[in-house]
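Listed next: structures, encoded as structure tokens.
Look at the two complexes coming up: subunit A is in both, with subunit B in one and subunit C in the other.
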Partner chain A sequence: MTFSTREIQKRSISPIFWLLFGAGGMLSALFGPALILITGILAPTGTGLPENFLSYDAALAFARNPLGKLVLLALIALFFWHGAERVFLTLKDMKAGSSLVLKLGTYGVAALVSVATILLLLAIGF
Partner chain B sequence: MSEPVNAESAVLQKTFELRILRYTPGRDEEPAFGSFQVTGAEGMTVLEALQTIKDTLDGTLSYRWSCRMAVCGSCGMMINGTPRLACSTLLRDLPPGPVTVEPLQNFPIERDLVISVDAFVKKIESVYPYLIPKEQKTVAEGPHLQTPAQMAAYESFSDCINCMLCYAACPQFGENPDFIGPGAMAMLQRYNGDSRDGGRQKRLDTIHGEDGVWSCTAVGICSEVCPKQVDPANAVNQNKTNSAFDFFLRFLRTEQPQ
Partner chain C sequence: MNERRPYRRPMPGNWWAKPPYRAYTARELSGVAVAAYGGVLFAGLLSLSRGPESWAGFVDFLKSPASLLLHVLLLAAVIFHVITWFQTLPKTMPKMIVNGEAVPPKKITRIATIFAGAMSLALVFFVLGAAQ
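Coming up: the complex of A and B.
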């Protein structure tokens, strides 16, 4: 009995985007709802949080702390990479445009946001 | 003394209407529906209805079948638009009215309800669907032992009957006929998950391209239509992880694939 072997295909670069997507999905599932609750509802209405919890000074100190910078970068960038993959696959299935246009509009945006976040976090100082 | 009850007449009879997509290459320009009225036992299956049609109404009706008990995987077809096994679909469980029967979606039609399986078989063959022993043992050295936990790691994937319902349901296979597809991925995981097997890298190399595991967008309908609860979507997902790690870890491998 002879088995046919497929020609070994060129390796796809999808794993890079898929891992970013997976990491973002994990983070958004773990921290997304809590972040919405704290920054969207509790902080603006001033309920249940210590005073000055999200005041300008407190937030600035957080963003100037190296660990705080990492947390902010991971949350912002990976959330965007997660969304970019979802939106890209949806638009691709809807045949909303050429692959290059869709990639620029989704992965491109996530890349821009990631770079901008890094620059802003550096500009804000330590 | 009363007369013995005739078992046949005691079964409740019912008439069903089947709309079947017919196509004979060379004769028909394109597939077209033919309608048949079938009378039979109220609990008859779609396959039994097709057999009744072939026996009594139209001997030219073509379809594949063999075991009649959801083991052989031959009688997959679109029943009211859903990929199902004709032998395990009872007509009485379908909504009242005509039942639409079509060949499996996403495959070329050979004749009537018979589709071409050539490309699918090639995909199954391409993932090395057999054990590649980690170490060769002589008979004297005894069998390759396995614990129940080691067996449980791959057992559900070995339940696949190659019925191709998952391919008919998969929108990504519909878009890209070269996509390796859910069934072959389940087959791959059946062997890659086997503790006695040593062919993991060989198989991963067959699926790392765009037409390999990366054509999947995690729709998950393959697992929904699977008549044997094989969960091919899980096999695909596990191998996205495996292939993603392989993408980066390949640089650390000492042995390169030939």
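Coming up: the complex of A and C.
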């Protein structure tokens, strides 16, 4: 199967958004409830977790570990891309605004947060 | 007279709030909860990068009743996301054929939901165990 240059130019980039949406959806479906329970409920109330779990040193050590950085980037960026895709398509179906405005408000936010997360993880050091 | 005038079925502006579309709207908006938790993590990372005092402020927020209530609501919404995510899965994945027969969608949903629950439980027990 061959594609003319015009066909190649007409190819949409939406599969990329779809992939990020699916990755974020699967990651949150597999680990989301556990993560929210641990960081949002068990750790702050000290249930089953030691006092130093939320200490500055422990959090810094996690964010300085290369694997920890990868986990944080994957969670933050993919969760935002997942929400962005769902909100964009929903608002588009509701005819809530022009396509450009909706894209900026959803994909734009996810892109900004992803870049900011990478910069913060680099600034925190290794 | 040759102008094309197709019939357009009238659709109320709030169609998405009425059944049967309401269920789809609720499912799609569970993505907001997923992104909101991403936002909590991002806020934590931002305060971590600003030093110990800023981090202490974030931990104080996590310990506040408002944050605990927020996380209970997020947990409920994300569990709803887990259930609906795997209800949709058989429709988005290629047909699964075992021993020459297609696996029924409900079976895929059931197995995947149980698997996801097991993964979340395993993560909780792993973190509780590792932190001791």
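Everything below uses one rule, namely that the second predicted complex is superposed on the first by the 115 of 126 C-alpha atoms of A that agree within 3 Å, B and C clash if a C-alpha of one lies under 4 Å from a C-alpha of the other, contacts with A are read in each partner's own complex, and residues count from 1 in each chain.
By our rule, a residue touches a chain if its C-beta (ideal position, glycine included) is under 8 Å from a C-beta of that chain, and two chains touch if they have at least 3 such contacts.
As the structure is a computational prediction, the values presented were derived from the model and not from experiment.
In the superposition on chain A, contact of A:P15 is made with subunit B only, not with subunit C. By the document's definition of touching, of the two partners only subunit C reaches A:I36; subunit B does not.
Using the contact criterion defined above for the overlaid structures, shared-chain residue A:L89 touches subunit B and also reaches subunit C. Of the two partner chains, neither subunit B nor subunit C is touched by A:Y107.
By the touch criterion defined above, A:L72 reaches subunit C but does not reach subunit B. In the superposition on chain A, A:G24 contacts subunit C only, with no contact to subunit B. Put subunit B and subunit C next to each other and count what each touches on subunit A; the higher total goes to C. Shared contact residues on subunit A (touching subunit B in one structure, subunit C in the other): 89, 93.
Chain contact summary for the complex, subunit A toward subunit C: residues 22, 24-26, 28-45, 48-50, 53-54, 56, 59-60, 63, 72, 75-80, 82-87, 89-90, 93-94, 110, 113, 116-117, 120-121, 123-124.
Subunit C contributes residues 16, 25, 28-32, 34-42, 44-46, 48-49, 52, 55-56, 59, 62-63, 67-68, 70-72, 74-75, 78-79, 81-82, 85-86, 92, 116, 119-121, 123-124, 127-128, 131-132 to its touches with subunit A in the complex.
Within the complex formed with subunit A, the subunit B residues making contact are 122-123, 125-126, 128-129, 171, 175, 205-206, 208-212, 214, 217, 240, 243-244, 247-248, 257.
Subunit A meets subunit B in the complex at residues 3-6, 8-12, 14-16, 18-19, 89, 93.
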